[in-house]
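Read through the structures below before going on.
There are two complexes below, and they share subunit A, which is joined by subunit B in the first and by subunit C in the second.
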Partner chain A sequence: MAKKLLLEKAHVEGIRYFDVYRREGGYASVEKALKMEPAAIVEEVKKSGLRGRGGAGFPSGMKWSFLAKPEGVPRYLVCNADESEPGTFKDRYLMEFIPHLLIEGLIVSSFALGSNRTYIYIRGEYAWIVAILEQAIAEAKQNGFLGKNILGTGFDCEIYVQRGAGAYICGEETALIESLEGKRGNPRIKPPFPAVKGLWDCPTVVNNVETLAAVVPIINMGGEEYAKIGVGRSTGTKLISACGNINKPGVYEIDMTISVEEFIYSDEYCGGIPNGKRLKACIPGGSSVPILPANLLLTTAKGETRYMNYESLADGGFTTGSMMGSGGFIVLDEDQCVVKHTLTLARFYRHESCGQCSPCREGTGWMEKILMKLENGKGEMSDIDLLWDIQRKIEGNTICPLGDAAAWPVAAAIRHFRDEFEWHVNNPEVCTTQNYGLAHYADPIHVPA
Partner chain B sequence: MIKFSDEQLKQVQELVARYPEGKQKSALIPLLHMAQDTRGGWLSAETMDEVASLLQLEPIEVYEVATFYSMFNLQPVGKHVFEVCQTGPCMLNGSDRIIAHIKKRLGIGVSETTPDGLFTLKTVECLGACGYAPMMQYGITYREHLTEEKVDAIIEECKRDNHG
Partner chain C sequence: MAEVKTVKVTIDNITVEVPQGTSILQAARMIGGDVVPPAMCYYSKLEGSGGKCRTCLVEVSKGSEADPRPMPKLVASCRTGVMDGMEVRNITSDRVKDARNGVVEFLLLNHPLDCPICDQAGECHLQDLGYEHGKEATRYEFKRRTFEKHDLGPYIQLHMTRCILCYRCVYTADQLTEKRVHGVLSRGDYAEIATYIEKSLDNNFIGNVIDVCPVGALTDKTFRFKNRVWFTKPVTAHRDCSSCCGKVTLWQRGEEVLRVTARKDQWGEVEEWICNVCRFDKKKTSDWTIEGPSHVSRHSVISQGHYEHLVQPKETFTAVHDGRHPQLLMDIHSVSEVNDKTAKTKS
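Up next, the complex of A and B:
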C-alpha cells in the first residue's frame, strides 16, 4: 500500500469537522510554521521538490520565491479550485472529504507569502462545496487559526471563497484573477507575471488546491523527508482521478513509483477494464495532454516500463509520450471511437475558448466542424491533413495555454490513430454505427510531415 | 422595478466587505448568482441594471460579464433545469443515451423548455464528475451514475415537487 500524505484520514468519520480533524493531528503544521520565519517555510517547500499539481508541474517553491515584496503593498494568495479539465475531479474530492486540509495548507502558505486576505476561487458548479469550505473556515476561525492575531503571533489572515460561473478558462491563473476582479475571464499577456502584478495589480501567487494541501505534510515532515518519497523530480504523492472504461473509477493517491500497468490493472487502483475488454488508449493527465495507444502507454518507445510520474509519462516527448498534467486519467477500451472522443474534446475547447485570440477562437470551431464531418461519415481524406494544419497554427500562437490545450488532443489523435480517421473517410456508411477496433496497433506510429 | 430584499442587501454588504476598499466590482459574479437563484433562474436586463447600480458599475460592465459565463441564463428557463454533461469521459460512459432518453421523455430538444414551463434541457461541458459518469447538474447538486431509470425517477421527483 502506497504511503498517503493527503487522503490518509479522508475517510475518518466526521473528518469534515474541526474537532475530529484536530484530534487526528490537524493544524499541527500551522502551530509549527507560525514559529518559523516565512522565508524558512518557502525554503522547506523548495527542498520538498513539490511541483504544481494543477497541470503545469512548475516547482512550487520557486514560484513562491518569485513573489515581489514591495513595501506597503498587500500581497495575495489565491487558491485555484476552478478544476475544469475534463478527466479531473481530484480537488473536488479533497475539498469535499477533507476540507480542513486545504484550509490548513492555506493558512501556512498565507503566512509564508504574507497574504492577509486569501481567496479560494472555486468553479461555480461546485456550489455545494462552497458551504463545506465556508463551514471549515468558520470553525478554524472560532478556534483561533484564522482571523486576527492567529495563535498570538500577530499574524492576521482571512480566507474567502469566491464562486466562478462556468468558464474553463478561469483555471488559467491570469483569467482567474480577472474573474476574481469581477470581469470576463480573458487571460492577460505575461509578463508582467502575477508574482509582480496580479490581483488588483498587487503581487499574487496562484496555486492549485492539491499543491496547497501538500504544504501541510511538507511542513510536518520537513522538505527533505518529503522529497525522499517518489522518484527523481517527481517527489511526494500525487492525486490521480481515474475515469472512463475502468472497473474502479475514483481518486487515488499514488507515490509516483508505480507503473501505468499496475495503476490500470491492480485491484488497489483502477481494477482493470470492465467486461474483459482490451485497453485501446488512454489520456493520462487530463484532456489536453496527448492520447497514447495502449502499447505506448504501458511501455515507452524504447520498450521500457512506463511509470506514473512526470518524467516517465513525458518520455518520448509528444512524438511517443504524453504528460502527467492534472492527473486526470481517462481510459478508453477497445469499443471506443477515437474520432468521436476527440470530437467531444474539440467541442469542449471551442465552447471554452474565451475568444480573445483569433487562432483559438476560430481554430477550435473549425476543428470541431471537421471532426463532426469525419465522425458522421462526411469527411474527405484532405480533412485529416487540414485538421493537422489547423492545430499546428493554433499551438503557440495564443496569449494563454488554452490554444495549446485545444491543439494537442487533436494532434495526438491524428499522430497515433490516423488509420482510424482514414477508415472513417473510406467507410462513410459503416463508421457511424461501427468501431474500427484495434487492428492498427501492429502498424508503425504515423507522424505527418 | 424589482428590488432586492433587505436581507439580500445585507448579504451584498457582507460580500463587498470581502474585498479591499473600492474593489466592490469583485462582488459582481457572486451577486449575479444570488440574483439568478432568487429570480426564477435567469437574469433579465432589469435585474442586471439593478446589480450594476448596487455595485456602482456601468450596466455594460454587468452585461459583458453575464454573457461570458455559461452558468448565467439570459433567457427564462423552466422550473427544473437538467444540465447533462457530454464531454469525453461522460460520452465514454453513455451520456448520448441519457440525453436521447431525456429528449424523448420530455419531448423537447437541447436548450428547449417544455410548454408547461416545468423542464429545461441543457447540455454542458465537463463538470468535474468524470469518475461518476454519466452525470447531470440539477439545482446545486450533481446527479451521478445516471441510467434511464434514474432519469425517470428524477423527472417524477420534480413533478411531485411541483404538486406538493
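Up next, the complex of A and C:
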C-alpha cells in the first residue's frame, strides 16, 4: 500500500467535522507554521519540490517566491477550486470528504504569503460543497484557527468561499480573478502576471486545491522528507481521478513511482478493464492533454515502462508522450470510438470558449462541425488535414492556455488514430453502426535500434 | 519633466529608438510602412483594448539585450512592451505570416461577407485585412452564424452577424460614458455585443462606437444605405460645440452632407471624440466651417476621384514653352481645314 498523505484520514468517520479532524492530528501544521518565519515556510515548500496540481505542474515554491511584496499593498491567496476539466474530480473528493485539510493548508499558505483575505473560488456546480466548506471555515474560526489574532500570533486571516457561475474558463487563473472581481470571466493578457498584479490589482497567488492541501504534510514532515517521496522532480503524492472503462473508478492517491500498467490493472487502483475488454487508449491527465494509444501509454517510444509521474508521462513530448495534467485519468476500451470521443471533447471546448480571442472562438466551433461530419460518415479525406491545420492555427495563438487545451486533444487523436479517422471516411455506412475496434493500437511498438 | 528612458528595438531589421514602455505595435507604427502589424481590436485611445483579435501577432526572436532568449510563442504586439535590444520579426517571419493567415480565416469564418450591402465597405478594416492577408476562397462549408439586427437607440444599429468581437465599442462605452450600459453577453461563438436589458444607448458620446467599430457591425442609422462611402467626399470641418471639440470630417456628395464622423488618423483611429449632436444633427453645410478636403490614403478606395492634393503649377505655360503662347493645333470650329494641307496653325 502506497503511502497516503492527503487522503489517509479521509475515511475516518466524522472527519468532516473539526473535533474529529483535530483529534486525528489536524491543524498541527498551523501550530507549527505560525511559529516559523513566512519566508521559511516558502523555503520548505521550495525544498519539497511540490509542483502545481492544477495541470501545468509549475513548481509551487517558485510561484510563491515570485509574489511581489510592495509596501502597504495587500496580497491575496486564491484557491482555485473551479475544477471543470472533464475527467477530473479529485478536488471535489478532497473538499467533500476532508474539507479541513484544505482549510488547514490555506491558513498555512496565507501565513506564508501574507494574505489576510483568502478566497476559495469554487465551481458553481459544486453547490453542496460550498456548505461543507462554509461549515469547516466556521468551525475553524470558532476554535481560533481563523479570524483575528490566530493562536495569539497576531496574524489575521479570513477565508471566503465564492461560487463561480459554471464556466470552465474561470479555472484559468486570470479569468478566475476577473470573475472573483465580479466581472465577465475573460482571461487577462499576461504580463502582468497575477503575482504582480492580480486580484484588485494586488499581488496574488492562485493555487489549486490539491496543491494547497499538500502544504499541510510538507510543513508536518518537512520539505526534505516530502521530497523523498516520489521520484525525480515528481515529489510527493498525487491524486488521480480515474474514470472510463475501468472496474474501480474513483480518486486514488499515488506516490508517482508506480507504472501506468500497475495503476490500470492492479486491484489496489483501477482494477483492470471490465468485461474482459482490452485497453485501447487513455487520456492520462484530464481531457485537454493528448490522448495516447495503449502501446504508447504503457511504454514510452523508447520501449521503457511508463510511470505515473510528470516526467515519464511527458516522455517523448507531444509526438509520443502526453502530460500529467490535472490527474484526470480517462480510460477507453476497445469498444470506444476515438472520433466520437474527440467530437465530445471538441463540443465541450466549443461550448466553454470564452469568445474573447478569435482563433479559439471560431476555431473550436469549426473543429466540432468537422468532427460531427466525420463521425456521421459524411466526412472527406481532406477534412482530416483541415482539422490538423485548424488545431495548428489555434495552438499557441490565443491569450490563455485553453486555446491549446482545445487544440491538443484533436491533434493527438489525429496523430495517433489517423487510420480510425480514415476508416470513418472510407466506410461511411458502417462507421455509424460499428466501431473501428482495437486495431493495432495495443500492438507492441517498434523500438528503433 | 523627467527624462524618459529610451530603448532600441529592431523590427524586421529596422532599428528604432522608442520611449520605454512603448508597445511593439506602437514602435512599428513609428517606423511605418509594411512592418506595421495590422490591428483589428487594439485602439490606442482606449485603455485596456487589444490582445483579442490576434492579427498583430509577431515573433520575438530576441527578448532583450539582458535576456536574449526568443519568446517561445508568438506575442500580441499591441500588448507587449519593447525591451532594450529586442528583435522582432513581423513580415520577415513565416510563422507570423502563417498565423496571421489563420487568424484572418478565423475572423472571416462566420462573417457574412455582405460587403455589397454593407455601409462599412470601402472603409472596413476587415476588408483591408482580407485583401492583404486572406485567401481567395474559404474552407468553411457550414452555415454561418447569424444574429437578429438590433437598434441601439435612435441612431445606431447593431448588426451582430458582422461583428468580430473586438470589444472596442465596449471599452468606448465604458470609458467615454458615465454608465456602463454596453457589454458582451454569452460566450464562445455565441458571444454577442448587447446592452443592459435592451436599453437604448442614449449617452451624448455614444455615437463614437460607430467610429471605433472596425467592421460594419455598428452603423449610423442616419447614413444607412444613403450612399457608398467612395462616392462621398470627405471634407475637414469644424464648428463651435459646447460639449465636444467640434472637429469632424463631413462626408459630402455635392453640397449635401450625408454623414459626419470624427477625424481619423492614418491608423484609422479617431483623433478626438465628437458628440452626438455634431454627428447626427448637424447635417447642413451651413452648420460647419469647411477647412478643406481631408486626406485619404492613396490605397483607399475612397481616394478615387478625390483630388485633395491638387497643386497648381507655379510656372506658367508660356514660361515652360520658351515664350510661346499656348495655341490650338487647329481651329476646331473649322473642321474642314483638317484636310487642308496649306492650313497653318494660328498664332
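One rule holds for everything that comes next: the second predicted complex is superposed on the first by the 440 of 449 C-alpha atoms of A that agree within 3 Å, B and C clash if a C-alpha of one lies under 4 Å from a C-alpha of the other, contacts with A are read in each partner's own complex, and residues count from 1 in each chain.
Following the convention adopted for this analysis, a contact is a pair of C-beta atoms (placed from the backbone, for glycine too) under 8 Å apart; a residue touches a chain by one contact, two chains touch by 3 or more.
As the structure is a prediction and not an experimental result, all values here were calculated from the model.
Q: So in the superposed three-chain picture, is A:R184 touching just subunit B, just subunit C, both, or none of them (first/second/both/neither)?
A: In the superposition, A:R184 touches subunit B and subunit C alike.
Q: Mind working out whether A:H351 is in touch with subunit B, subunit C, both or neither, as first, second, both or neither?
A: Both partners.
Q: Pick one for A:L386: touches subunit B only (first), subunit C only (second), both, or neither.
A: second
Q: Which holds for A:A167: it touches subunit B only (first), subunit C only (second), both, or neither?
A: Both: A:A167 reaches subunit B and subunit C.
Q: In the overlaid three-chain picture, which partner chain does A:I399 touch, first (subunit B) or second (subunit C), both, or neither?
A: Only subunit C; A:I399 stays clear of subunit B.
Q: Should A:K369 be classified as contacting the first partner (subunit B), the second (subunit C), both, or neither?
A: After superposing on A, A:K369 lies in contact with subunit C but is clear of subunit B.
Q: Touching A:E125, do we find subunit B (first), subunit C (second), both, or neither?
A: In the superposition, A:E125 contacts subunit B only.
Q: See if subunit A has more residues touched by subunit B or by subunit C, and give me that chain.
A: The partner making contact with more of subunit A's residues is B.
Q: Jot down the residues of subunit A that show up as touching in both complexes, subunit B in one and subunit C in the other.
A: Residues 167, 184, 351-352, 354 of subunit A touch both subunit B and subunit C.
Q: Contact residues on subunit A for subunit B in the complex?
A: For this pair, the touching residues of subunit A are 74, 83-89, 92, 117, 123-128, 158, 160, 162-168, 179-185, 200, 241-245, 249-251, 283, 287, 328, 330, 332, 336, 340-341, 344-345, 347-348, 351-352, 354.
Q: Would you mind writing out the residues of subunit A in touch with subunit C in their complex?
A: 167, 169, 184, 189, 350-359, 361-366, 369, 386, 392-394, 396-399
Q: Give every residue of subunit C touching subunit A within the complex, in rising order.
A: 50-54, 57, 73-74, 76, 79, 98-99, 101-103, 105-107, 109-110, 139-140, 142, 145, 164-165, 167, 183-184, 186-191
Q: Can you name the residues of subunit B that touch subunit A in the complex?
A: Spelled out, the residues of subunit B in touch with subunit A are 18, 20, 23, 25-30, 32-33, 55, 61, 64-65, 68-72, 86-89, 91-93, 124-133, 137, 140-141.
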